[in-house]
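Would you mind keeping the following structure in view while I ask a few things?
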C-alpha cells in the first residue's frame, strides 16, 4: 500500500507521457504532432520536479527558520529543459509553416502521396 | 493531477486544432500550478510564460496559417499503441524500485544537493538557491540554454524571413486596420498595461536573486509585452518601432554578453564563467557575474522570442495571399 | 592560455556564431567561419597531443569542481572524436562558399554559417563534456541547428525530411532526458565520473535497467541504427550538399561516441553486456541493419540516397564492433569511425560537386560523367573502393580489424557476414561506376564541366587521406588503440 | 478557510474544463480558457498562503498577464481571413447537429 | 479584538468569493447559450476574484505582499472585463447570435433584428 501511495504520482506522469507520445506517433497532423511532443516533454518535466519534491519542504529560496527545502537542482535542470522545448517547438512550427507553403497541406499522408508522385 | 490526464485525453480526441491549441495552453497552466504545489516556483514561472503563453501563441499563429480542422485519417494506431504501451510498461517497471514521492532520504536529495543547500549562501550570497545553481554552479548549462534559444531564433529566421517585405507590409496593414477599429477598448486597456508589463519584466529580471524569476522569465515577459503591442497595433507599426535587424543584433549582444563575462573571468585568471575573480571579494564577484549574465539571458531571450513571433506573424499575410492566388 | 584549451575549443565556434551577425557580408562570414573552424582544428590537435602524453584533462567550468559544477573531461576518446569533427568541418567549409552560393538564397547564407557553427559547437560540446545533463543541452544545440540546416535544402522534400528528423530527434532527446532523470534519481549526481562510481551500488535496480534501456533507444534514434533509421536517408538526401557531407561525416559518429561513453565509462561494461542482453541484441541489429540498408542502397535511384543507406549500413558495422566488447573490437569501431568519416566526407563532397555542375544527383544523370568530370568521378571511385574495403584504402583497414576482432572472439559467423556485407557494397558502388564510365551521356545535353577548384581541393584532400591512412596505418591505429585501452581500463 | 477556498477553486476549474471540452462553439472555449486562467491566478495566490510563502504572488501576476495576452492572441488570430471562413463553416455544422 | 475582526472579515470574504466562484462555475455549465454563459463567467469572476484577493489581503500584514495583491486585484479588474468584452464582441462579429434573437427570428419577429 505504501508503494502505491508513494509511486502514484509517478504513475500519473507515466500515463501523461504515454498520451503525449501516442499523439506524436499516431496522429497525422503535423501541428498536432508538435503539440503532442510538447505534452510529452512537459510530462517529463513534471517527473523531474516530482522526484525533487521533499515532504514538508518548501521552495528553495532561503528564509530564516526553515530547514527543509525541495531539491533546487532538478528545478534548474528543468528550467533549461523548458527553454529547449520552447526552442524545439518554435523551430518545428517554422518548418510546418514552410511545409504548408510548399505542399499546401499539413497532413502526413497527403504529403507522402505528393512525394511519391514526384519520385 | 487527474485534471492533466483529462486534458491530455481531450487533446487526443479533439479534431479541432484550435481547441487543441487552447487546451495545450490550459495544460501548460495546469502543469505550472502543479509545479507551484511541488515547490518549484521558478519552474512554474517559466512554464506559465512559456507553456501557456509563448508556445500557445506560436501554435495559434501556425494554425491561423495552416487551417484549423484536422482531417480524419485512416491511420493505423495499432503500432503506435504497442510502442506506447511497451514504453509505458517499461517506465512503470522502472518506478517500482524508485524511492517514494517526497522521500527526504532518496539519493537525489542527498548527494550533490546538500552542498547547494548548505553552502551556496556562503559561497554566492544569493537567497534563491535556484538562481545560484542556475547561474553559477551550472552556469555553463545556462549558457548552453541561451545558445539553444538563439539557435532556434536563427533557425526560424533562416526558414521564415523573406525579402519581399514592402509589398507584404501593405497587405498586413490592411488586415490590421480592420482589427483596431474593432477593438478600441482592448487597445486602450493594453496601452495602460504595456508599460506596466515592461516594468514588471524589469522587476522580475532584477529580483531573481531574492524570489522566483530571473533573466529568462523576464525576457519572455518583456517579449510578451511587445507581442501584445504587435498584435493590437499591427505588425507594420510594431516593425517601425522595433527594427528587425536591430533586434537580431541585440540578440547576439545578449549571447555575447554572457560569453563575454566568461571570457573576462578567463582573462582575469579564473576558469570560464568563474565569477570569483571578477571582483576583489569572491561573493561580490559572484553577484556581479550573476547580474550580468542574467541580463545577457534576458536580452537574448526577449529578442529571440520577438524575432520568432515577428517572423511567424508576418507569414500570415504571406500565406493568405498565397491562398488567394 | 594553454590550460583553457578544453573550454576554448567549444567556446571559439560558439562565440564566433553570434559575431557572424555583425559581419553582414556572406563572403566575409564564410572566411570567418573557415578561420574559426581551422582554429578549433588546431586546438583539437594540440589537445590530442596533450592527452596522449598526459592522460585525461579536466577543466572545471566556473571553477566549481567535481559533481557540483560542470566539468569538461577530455580523454583520448573525446580528443580523437573532436579531431575528426573539427577536421571534417574545416575541410567541408573550404567548399562551402561555392556550393552554398548556388543552393541557398543570398539573404539566408549568413544564417547558414551561423547554424553550421552551432552544429559544430554542439557536437564538440557533446564529446568533451563530463556531465550528463550538459550532454543533453549540447545535443539539443547540435540537433536544432541540424534540423534548420536540413530544412534549408532546395527541394521541398527537405522540409519534410527535416520535420521527420525533428520529431524523431526530439523523441530521442527526450528519452535521453528521461534516462538522465532516472539515473539522477538513483544516484543524486550528474557527473559522469561520479556516476561511474555510484552506479554499481544501485545497478541491480529496475530503475537503472529502465534508465539504460531509455538511453540506448534514445541514442539509437540519433544514431539511425536499424530499425530506427527511417529519418536518415531523406534527411541526407535533401539537405544542402555541404550539410550532408558534414553530417554524414560527424553526426552519427558523435552518437556512437555517446553510446560508447555511456556503456563503457558510465554503466560499465559488465553491466551493459552481462546483466542485460545488449550484446546479442546489438550484434543482431547491427548485422540486420547492414544487410537491409545495403539491399535498400542497391535499389535507390538517387545517388545521395545510395550513400545515405550505405551510411546506415556502416553504422551497423560500428555497432557490431562495439558490441564485441574486447579491445580489438572497440579499436575496430573507433578506426571505422575515423575512416568512415573520411570516405563519406569525400563521397558526399564529390556528390556536392556533381550537384553544383549538373544540378541533380539522380543515377541517370551520371551517365558519361566519367569523361566530363574526371577528377570528381575518380574521387567517387576511390571513395567507393574504400567503402567496399579494397586493400590500400582505409575501408580495408577497419574491416580487417573488425573481422579479426570477431574471429578472435570466436564469432566466425559474424566475420563471414561482415564480409558478405561488403559484397553488397560492391554492387551499389558498381552501379555508379557503370553509369559514369560505361554509359554514354544523354544526347543533346550540355556536357558538364569539371568541378571548380574549391571543390576539388577538399575532395582530394579527403581522398588523399583515405589512401594515406590506408597505407600508413600507424598513426590512426595508435590513437584508436590508446583510446580503446583507456576505455577498458587497461594501461597501454 | 484557505483550504476551503482552494477546494472551491479546484471544483470551479473542473467545471470550466468541462465547458471547454463541450464547446459547443469556438467562443465558448475561449471563454472557458479565460475563466480557467482567472481561477488559476486565484488558486496560485491561495496556494502561496496555504504553503506559508506568500511572496510567490509574482507568479500569479504573470499568470494574469499571460492569460490576457493569450486571449487577445486567440482573438487576433481567429480574425485572419482564412480562418474566419473555417470557423463559420464549423459553427454552422455544430449548431445544426 | 482587532485581530479577530480581521480574521472573521477575511474568512467571510474568502467564503463569499468561493461561493461566487462556484455559482459562476455552475452557471457556465448550466446556462443555455454562449451569451448567458459569458454573463455568468464575466460577472461572477470579477467580484469573486476581488473578494478572494481582499480576503487574502486581510490575512497578511506585510507591505510587499499587500502591494502585490493590490496589483493583482487591479489587473483582474482591468483585464477581466476587457477580455470578456473582446470575446463577446468577436463572437458577435462572427455572426453568433444570442439564443433570444435566434428564437425570435424563428418566430418571425423582425423588430429585434440586429
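We just call them A, B, C, D and E in the order they show up, numbering each chain from 1.
Rule of thumb we're sticking to: contacts are C-beta pairs under 8 Å (C-beta built on N, C-alpha and C of every residue); 3 or more make two chains touch, one makes a residue touch a chain.
What you see is a predicted model, and the numbers here were worked out from it, not measured in a lab.
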| item | value |
| --- | --- |
| Count of contact steps on the shortest path from chain A to chain D | 1 |
| Given chain A and chain E, the chains that contact each of them | B, D |
| Partner chains shared by chain A and chain B (touch criterion as defined above) | C, D |
| Pair of chains joined by the greatest number of C-beta pairs in contact | A-B |
| Centroid comparison with chain D (C-alpha atoms), farthest chain | C |
| Chain B and chain E, separation of their C-alpha mean positions in angstrom | 30 |
| Whole-Å separation of chain centres (CA-atom averages), chain B against chain C | 31 |
| Chain centre separation (chain C, chain E; CA means) in Å | 59 |
| Residues of chain A touching at least two other chains | 17, 21, 30, 51, 58-59, 61, 63, 73-74, 77, 80, 84, 87-88, 91, 95-96, 98 |
| Multi-partner residues of chain D (at least 2 other chains) | 30, 51, 55-56, 58, 61, 65, 67-68, 72, 75, 78-79, 87 |
| Sequence positions of chain E contacting 2 or more other chains | 75, 79, 82, 86 |
| Inter-chain touch pairs (all) | A-B, A-C, A-D, B-C, B-D, B-E, D-E |
| Complex contacts: residues of chain B adjacent to chain A | 1-2, 4-5, 8-9, 11-12, 17, 20-21, 24, 27-28, 31, 34-35, 38-43, 46-47, 50-51, 54-55, 58-59, 61-63, 65-67, 70-71, 73, 75, 77, 79-81, 83-85, 87-88, 91-92, 95-96, 98-104, 106, 108-109, 112-113, 116-117, 121, 127-130, 133-134, 138, 141-142, 144-145, 148-149, 151-153, 155-156, 159-160, 210-212, 216, 301, 308, 311-312, 315, 318-319, 322 |
| Of all residues in chain C, those that touch chain B in their complex | 4, 7, 11, 14-15, 17-19, 21-22, 59-64, 67-70, 107-108, 111-112, 114-115, 118, 121, 125, 131, 133-134, 137-138, 140-141, 144-145, 147-148, 151-152, 178, 182, 184-191, 198, 202, 205-207, 209-211, 213-214 |
| Chain A contact footprint on chain D (complex, rising order) | 51-53, 55-56 |
| Complex interface listing, chain E residues touching chain D | 10-11, 14-15, 17-19, 21-22, 24-26, 28-29, 34, 37-38, 41, 45, 48-49, 52-53, 55-56, 59-60, 62, 64-65, 68-69, 71-72, 75-76, 79-80, 82-84, 86-87, 90-91, 94-96 |
| In the complex with chain A, residue positions of chain C that touch it | 133, 136-137, 140, 144, 147-148, 151, 156-157, 159-160, 162-163, 166-167, 170-171, 174, 177-178, 181, 184-185, 190, 301 |
